[in-house]
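Both complexes below contain chain A, partnered by chain B and then by chain C.
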Partner chain A sequence: MPAINLTSNVKDNLDFIMHVSKESGQPVQHCYQCGKCTAGCPVAFAMDYPPNRIIRMVQLGLKEHVLKSQAIWLCAYCSTCTSRCPRNVNLARVMDCLRGMARREGIQLEGRAKKIALFYDCFLDTVKRNGKLYELGMMLNYNLKTGHFFKDAGTGLAMFTKGKIKLIPTKNENYKDLAQIFERIEEMEEKC
Partner chain B sequence: MIRVGVFVCWCGSNIGGIVDVPRVAKEAARFPYVAHSMDYKYTCSEPGQKMIIEAIKKYKLNRVVIASCSPRLHEPTFRKTIARAGLNPYLLEMVNIREQCSWVHAKEPDQATAKAIDLVRMAVAKAIHLKPLYEGSIPVTKKALVIGGGIAGIQAALDIADAGYRVILVEREPTIGGKMVMLDKTFPTLDCSACISTPKMVAVAQHPNIELLTYAEVTGVTGFIGNFSVTVRQKARYVDHSKCTGCGTCWGKCPQKVPSEFDLNMGTRKAIYIPFPQAVPNKPCIDAASCRRITEQKCGVCAKVCPVGAINYEDRDKILQLEVGAIVIATGYDLFDWTTAYGEYGYGKFPDVITGLQFERMVNASGPTGGKIVRPSDGKEPKNVVFIKCVGSRDEAKGKAYCSRVCCLYTAKHAHQVLEKIPGSQAFVFYMDVRAPGKAYEEFYQRTVDEGARYIRGRVSKICRQGDKLLVKGADTLLGTQVEIEADLVVLATAMIPSRNSRQLAQVVGFSTDKDGFFQEAHPKLRPVEAGTAGIFLAGSCQGPKDIPDTVAQGGAAAVKVCALFAKQEIATDPMIAEVNEALCTGCLNCREVCPYKAIKRKTIPDKARGQAAERTVARVNSSLCQGCGCCASSCRSGAINLNGFTDEQIMSAVKASLQHQRLLTNRQ
Partner chain C sequence: MKYAYFPGCCDHTSAKEYDISTRAVCKNLGIELIDIPDWSCCGSTPGHSTSHLLGVALSARNLALVEEMGLDCTASCAACYQRLALANMEMKNDMKLCEKINCITGKPYHGGVKVKSIVEVVAELGPEQITARVLKPLENLKMAVYYGCLMVRPKEIQVDDPENPQIIDKLMRTVGGEVVDWSYKTECCGGGLAISNEDIVLRLTNKILKEAVDAGVNCIVTACPLCHFNLDMRQKKINKIFGTNYHLPVFYFTQLIGLATGLKPGELSLETHFVDTREVIKLIA
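Our next item is the complex of A and B:
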């Protein structure tokens, strides 16, 4: 990383820092960088920036670095960090907030982040249509979009023969209500 | 007939867990002159002491050897114990088999036991030659001298005076108040510093028991605890304070402006001046070096306008002699001169790089800018302010190894003040660690963070000019990257160092300083306000960097020590001191050179030479000053000096006992 000009960074991205704090409801400035989140994170080994550094980058307004990072997508929301944080920062929510921001800002994702984002899309898509998860449909959709057509096909077949996966989608009885929730959220997101 | 009793202590498992204590006691029973030997779990406990007393009576013991912990811990305890049994308290010899055996040789218990036996053997051999010693007594002058009129000295003086004893407070500057009165607000409560310190200054001036000597310096101290004789040089003020009413006409009319020391050269004062409006005493003095009447025989305006004729250009320094019983030293601190060390911060050539104390003067409502934070270069309000901590502190290469203890909090306060006073401003703080260990300190630091101060963990490597701004280049080690800030103002938290001339004062008074030049306390934990010399006490940051609460607490503690001394009519002196055998002394006075306590004086005694009456020089030990360190005894070429309780005879017999035993073992092999 080249030297970062903090004067302009903090000033120009003050709304970013404020926004993350407000949307996630988390006092990111409270973080004193003890590193407890990183110490316990089960996926930190695979991240490009460890969790504490993501928070540090938010504190200093390094918006682009944060939103383009793989780490925010690799976070599994297990909340180990949150339950251990001595400053009561719910880091999992901050990560979630950053993922949402990255999507809204139309950040071009790469690598694993791109696939994970796609997985989220596929999941939400099936819930939106059926009011619940339709495994086979979601798996096919994801494999089609990622181009790995036969990924996990063996596992899928084994689950199918044991009756764990249904061929035809079953719908939740309130699936229409759920679809309405999706619509309302989309409307809200467009506004902001 | 000499009868030695040996008592070996287990100290619970501290000694007993490693050293075979019963074996040590059994071996000791076979040493010459030992009439009784035993071991016990806790010898210092009440039953343990009772056991010693009973053994002394039962076995008619007249020397006691106790093998246990350090004599620093329990020698006074056991001296009292044997005194209760009717023995002279100095017929006791202690062997430290805890620190010197069980603790250091925890992994080799057999050798620890063997060493314990050897040490007891030596102690017994020494104890045989112990002689009864008797404490002397000296009278006490019930008047205290406090050197330094900062908050530490003020607190100590007020507390001693309130207890009913007389105090003389000597201050080098024209006013008391010290550094505290220069500050704006104090962390973590944000009390106005002047509002809480000036009433105390006034209380000093008005107290019937306090005699205030400002613009005066201590130049000599002789004597000893209870009986010090102090020389003070009262610098010429050129203003007769007995006539002066402090009306202010003189400094209003004085045409000569010079930089104000009180405002750290950021403002000006006149040649006849009071340092600040609330100064105590509130009467002026003339700075001779800048007064045109004194240097050039011109002007003389102040004398013309003075309505009471208080100006006296012929005033000269006066030497005062004071007799006091105790001295409290409270000479405070100065700031590390960063301009000589930190080239990367510009060696002081950028006017907008200032120190924390300069910031205090600037942000102070009675300071040179009337409380406005401005850039010294152009007087504009800064928007981006960078604070750099540990400038000189925790930097062995360029400054001091120690932490100055106050910078973390005052920097947090400064950042708070920037954010509070300048709308739309940013405060960046470069730090290595945030050390906030006082009451409500961490909370105060967090409050500043919540207010928007950006803390960056890392040091600044370079400050350079960029247009009318300063480009501060540093690192954020948490981010693992270089960062830079376009700053309008940079504030350095410079290290606290001992007050200028404090080393000379230490020499004048005759006690030691630590590696950094701060005054050395007698014990870092148990005697933190006593100096190594009896009757001299320390208060405030002259002993080490300290914040205001700790300084005030130490001032009060030093005062209590003085009062405890003054509450006695006479004080006992330790008999374990050096003694000169005049028959052997050649009068070379080598001992006088090595004595750290100035306890040795020249003495002339009558003598005979070739049947004629003559005179001869010998050394004489002042029993009140001598602390029994033994430097003189070891430096004496003719063996004329002995340290009571550690005479050559006593030490040599201990050494002999050890060596004879070793030879015996070698022969056997």
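Our next item is the complex of A and C:
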């Protein structure tokens, strides 16, 4: 990370700090950087900034760096950090909130983060259409969008032989309810 | 005992063993599970990672359906349990959020439902009631009980201690199994990253398998479909990539209670695992 003028940053981005703590409901200001969250994080090895750094960056108002980070997407929501934090910061919840903000701000994702977000989209797309997850449809769509058409084909075949793949989706009787939920939330979030 | 049962979207696919064995065991133990009419996906990690409102709303729709049934709710899948329980807690504690979500789903929920994991529901029976049904104690099975993350964290919804839970260990001892102490009980397998970033999941799952093998067990026990899929289906790939030679069957706790209480392997879907379960099952007298 290049040198950053922290004094002006905190001032300019005070909104960001307040916003994160309000939206996530978490006292991010209370973090005293003990590093316990990072010590127990199973995915920290693959992150660009470990969890405690993300919280520090939020405290310092480094909005752009935080929202563009890989870390917020790599977080697997295991809540190990949450259950161990001596300052009662639910980091998993903060990560969730940051992902949501990155989405709404239309941040262009790259690398691992991009694949994770795409997977989430493909998953939710089947829920929106059918009411329930349709695994095969999700996989095919994900492969199509990543351009790896035969990724996990071996897995698919093995699943098929064990009778663990359904070729057609199970549609809810009131599947339209689900599309409506998605649409209403999109509308609400566009407004704020 | 009677519960509205939320089986989760993988009930007929990747986690069919869990659904089949849950239904069979509950029937056998006198726990009545009633299907929730028109239940829908809880959204899992993709839901709450995309939007907090979406995560809560997808679960709330189901809670409203359960409330109409006048029952409490139980989920077998650890991920579904966590989502439903967290949404329930948030809606009960935050009136404003509750109103907003009810507007979104169009199905008002009033906070009248309790959400329990199927692990808690079975454990509530108490050891005497379960022991009375045991026909084939699971002697010779030495197991590592693997809880993963979703039902022991965060604390608002945990079914037991987040670092050293005992609830399934106790159930396994009740049906005659030997459980080991090991340090990876609640480590994360990487769960939902499997499709997008498989290398991370293989690395985490390899560590869990190694710890289990080092603890000298002949099987792993779980209550989470994501953990099960990573540990069972990916075991072959892990062996190939890391040069290991694991052959460790991974059971759902319901399958083992089923075997101990006299259900047949076919009734518990023991033949649909990727790691062959037959050798280990033979160890049970």
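The definition used in the following text is that the second predicted complex is superposed on the first by the 190 of 192 C-alpha atoms of A that agree within 3 Å, B and C clash if a C-alpha of one lies under 4 Å from a C-alpha of the other, contacts with A are read in each partner's own complex, and residues count from 1 in each chain.
The rule we apply is simple: a residue touches a chain if its C-beta (ideal position, glycine included) is under 8 Å from a C-beta of that chain, and two chains touch if they have at least 3 such contacts.
This structure is a prediction, so every number in the text was calculated from the model and none was measured.
Trainee: Should the pairing of chain B and chain C on chain A count as a clash or a fit in the superposition?
Mentor: In the arrangement built by aligning on chain A, the partners chain C and chain B fit side by side.
Trainee: Look at A:His19 in the shared chain and tell me whether it touches chain B only, chain C only, both, or neither; answer first, second, both or neither.
Mentor: Once the two structures are laid over each other on A, A:His19 reaches no partner at all.
Trainee: Who does A:Lys36 touch here: chain B (first), chain C (second), both, or neither?
Mentor: neither
Trainee: Give one of first, second, both or neither to describe whether A:Thr155 is in contact with chain B, with chain C, with both, or with none.
Mentor: second
Trainee: Per the contact definition in the header, classify A:Ala3: touching chain B only (first), chain C only (second), both, or neither.
Mentor: Only chain B; A:Ala3 stays clear of chain C.
Trainee: Could you look at A:Arg129 and tell me whether it touches chain B, chain C, both or neither (first, second, both, neither)?
Mentor: Touch partners of A:Arg129: none, neither chain B nor chain C.
Trainee: Determine, for the superposed model, which of the two partners chain B and chain C contacts more residues of chain A.
Mentor: When the residues of chain A touched by each partner are counted, C comes out ahead.
Trainee: Is A:Asn52 in contact with chain B, with chain C, with both, or with neither (first, second, both, neither)?
Mentor: first
Trainee: Is A:Lys68 touching anything from chain B or chain C once the two structures are fitted on A? First, second, both or neither.
Mentor: Neither chain B nor chain C is touched by A:Lys68.
Trainee: Which value in Å is the smallest Cα separation between chain B and chain C when the structures are fitted on chain A?
Mentor: 24
Trainee: In their shared complex, at which residues does chain A touch chain B?
Mentor: Per the touch definition, chain A meets chain B at residues 1-8, 10-11, 27, 29-30, 32-33, 52-53, 56-57, 59-60, 62.
Trainee: In the complex formed with chain C, which residues of chain A make contact?
Mentor: Within the complex, chain A contacts chain C at residues 23, 42-43, 46, 74, 76-80, 82-83, 90, 92, 96-97, 99-100, 103, 112, 115-116, 118-121, 123-124, 127, 131-133, 135, 139, 142, 152, 155, 158-159, 162-166, 170, 172-174, 177-178, 180-182, 184-185, 188-189.
Trainee: Under the definition above, what is the set of chain B residues touching chain A in their complex?
Mentor: My answer: residues 384, 426, 428, 446, 449-450, 452, 454, 456-457, 473, 476, 478-487.
Trainee: Which of the residues in chain C end up touching chain A in this complex?
Mentor: These residues of chain C touch chain A: 9-10, 12-14, 16, 38, 40-41, 43-55, 57-58, 61, 100, 103-107, 149, 153-155, 162-163, 186-188, 190-193, 195-197, 200, 204, 233, 272-274.
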